[in-house]
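Here it is, the structure in full.
Just so it is clear, A, B, C, D, E, F and G label the chains in written order, and each chain counts residues from 1 on its own.
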Amino acid sequence: MVKIRPLGDRVVVEPIEDDEMTFAGGQLVLPDTAKEKPQQGKVLAVGPDIEVKDDDGNIIGMQAGDIVIYAKYGGTQFKTREGQKLLILREDDILGVLED
Amino acid sequence: MVKIRPLGDRVVVEPIEDDEMTFAGGQLVLPDTAKEKPQQGKVLAVGPDIEVKDDDGNIIGMQAGDIVIYAKYGGTQFKTREGQKLLILREDDILGVLED
Amino acid sequence: MVKIRPLGDRVVVEPIEDDEMTFAGGQLVLPDTAKEKPQQGKVLAVGPDIEVKDDDGNIIGMQAGDIVIYAKYGGTQFKTREGQKLLILREDDILGVLED
Amino acid sequence: MVKIRPLGDRVVVEPIEDDEMTFAGGQLVLPDTAKEKPQQGKVLAVGPDIEVKDDDGNIIGMQAGDIVIYAKYGGTQFKTREGQKLLILREDDILGVLED
Amino acid sequence: MVKIRPLGDRVVVEPIEDDEMTFAGGQLVLPDTAKEKPQQGKVLAVGPDIEVKDDDGNIIGMQAGDIVIYAKYGGTQFKTREGQKLLILREDDILGVLED
Amino acid sequence: MVKIRPLGDRVVVEPIEDDEMTFAGGQLVLPDTAKEKPQQGKVLAVGPDIEVKDDDGNIIGMQAGDIVIYAKYGGTQFKTREGQKLLILREDDILGVLED
Amino acid sequence: MVKIRPLGDRVVVEPIEDDEMTFAGGQLVLPDTAKEKPQQGKVLAVGPDIEVKDDDGNIIGMQAGDIVIYAKYGGTQFKTREGQKLLILREDDILGVLED
């Protein structure tokens, strides 16, 4: 399987299909008037410039395994021969992390 | 319920509908000539880059629970399956905090 | 009454109507050829990033109560239910302070 | 008389009419092919961010009383009730100081 | 053979043809809806501003021999008389490194 | 005679007419395909932000008396009553110094 | 002969004609699909802001005598009376140095 090590502040995300967005007891629904459609995905790898914890050990960033929200606009997408869809985003394209 | 941990300088806000803007004894009304319509909302969570207090302990920023004014333009909006509307804004999109 | 605590480098200003600009013995009149119409207003509150004095105690910035000149362009305006017009500007939009 | 205390890197200038530009034994004349018409004016006040002298006491900037050249483009102009024309410019709009 | 020493943050890459992208057990396939087509190539040389390891010796960047993914857009391409295609990219154009 | 003290990183230059560009044994001729026509001029004064020498005393910048090349585009030009043409440029508009 | 001392991060380059690009055993050929045509030239002089070696003495930049590749776009070109073509570029316009 192809594995990608992201550079700098980039993040490799596996997008979650719309009909699968039912985790954590909630589903994000987009209103018709939205200007920028938010998407969800699972973080597979984060680049070396991304800080997960601050100096006191508090979680401030994202890490592999997190479910994140990102704006649809932006990023480079492709899929592997096995059919896995992947997306490379910058840290700044990630809006937040979904928590239970 | 979906809970979002905002990243960086982002803020999760729950918009307040126009006909509910009667808190604190005042209501903000938009003149017809306004170029940029201000909105109000309740802060649900703030990202790790947002400072609430300065070194002397004075409140200088916003925190969860604050009612804030923000420009309508900008931000990413969506709603949860339970129908809760949410908006993710950057700190710089927030103009001020309403106080009693 | 609604009170707004401005964030960052923002300033809450109450605009002064044109026919009231007679304070301090002078009135600012705009020539027809002006590209950018200057306005006057009273500062109600300044954000935490705005410095009023330098290290030697000299007044270098603005503070609540000052009458300031600002460019008409820019800022977010609205009014309270009581009819008070308010304007939220950035520090950089303020050109100067009127003095007696 | 209205007196303006400029903020930041701003300068209050009183423009000199074209037919008055005869000071210091010279007159600046604009060639027809000029893209950007230079203007002259007298500095009335400078903002707190403007340095007049360097650490060794050498004059490096402008101060009240100086006759300066500035590009016509830019700045905010208005006049007082007494008819005095004023212009608020940024330090960077001032090209140079005329000397005898 | 021509050898190029890249300056600053530039990288010399030899593009990999589409029908050769079968290394590491996977092949990247571009979906029809992709806005920005990712490409693969082999790093031949990296400029002096590119850090391969951090202070603890961890691999954080790319080095000669790495297979990288980059956006098709950007970069300067040419080929040598021997027919070797070369591409000079900036570090920021490289999205990630493919690993086994 | 009008003398101008340039501010910041500005330079006062007296342009050299095309038919006078014969100094130093060479003449710069512009090819027809040139996108940006280079001009020559004599430096009359440099602003306080311009460094002429580095810490070791090596000449790294320009000074009054130097003949410089600059791009025609940019700068503010005017002439004195005596007919002297002057040009105020920024340091960054000066491409190089002609030497014997 | 005219000699130019480049300022700041500028480089004086003598372009190499297309039919002369046969040095070092290789010739760069431009594919038809190239968006940005690379050119070659000989460095005649480099400005004072350009670092040739790092603190350990390693060659990291360019110096007089180097053959460099640069994008055709950008720079100011002219020729001397003797017919020598010269080009003044910024360091950032130089993509790499050709080596044997």
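Just so we're on the same page, a contact is a pair of C-beta atoms (placed from the backbone, for glycine too) under 8 Å apart; a residue touches a chain by one contact, two chains touch by 3 or more.
Small disclaimer: the values here were computed from a predicted structure and weren't measured.
Asker: Starting at subunit C, how many touching-chain steps does it take at least to reach subunit F?
Answerer: Counted as steps through touching chains, the separation is 2.
Asker: For subunit D and subunit G, let me know how many angstrom lie between their CA-based centres, rounded off.
Answerer: The computed centroid separation for subunit D versus subunit G comes out at 43 Å.
Asker: Round to the nearest whole Å and give the separation of the Cα centres of subunit A and subunit B.
Answerer: About 24 Å, centre to centre.
Asker: With centres defined as the mean C-alpha position, give me the subunit C-subunit G separation in Å.
Answerer: 53
Asker: Hey, what residues on subunit A touch two or more of the other chains?
Answerer: Where subunit A is concerned, no single residue meets two or more other chains.
Asker: Can you give me the ring order of the chains, beginning with subunit D and going next to subunit F?
Answerer: Cycle of chains, anchored at subunit D and oriented toward subunit F: D, F, G, E, A, B, C.
Asker: Which subunit E residues qualify as touching subunit G in the complex?
Answerer: 1-8, 10, 12, 47-48, 76-82, 85, 88
Asker: Mind listing the subunit C positions that touch subunit D in their complex?
Answerer: For subunit C paired with subunit D, touching residues are 22, 24-31, 34-36, 38, 54, 58-62, 69, 71, 91-92, 94-100.
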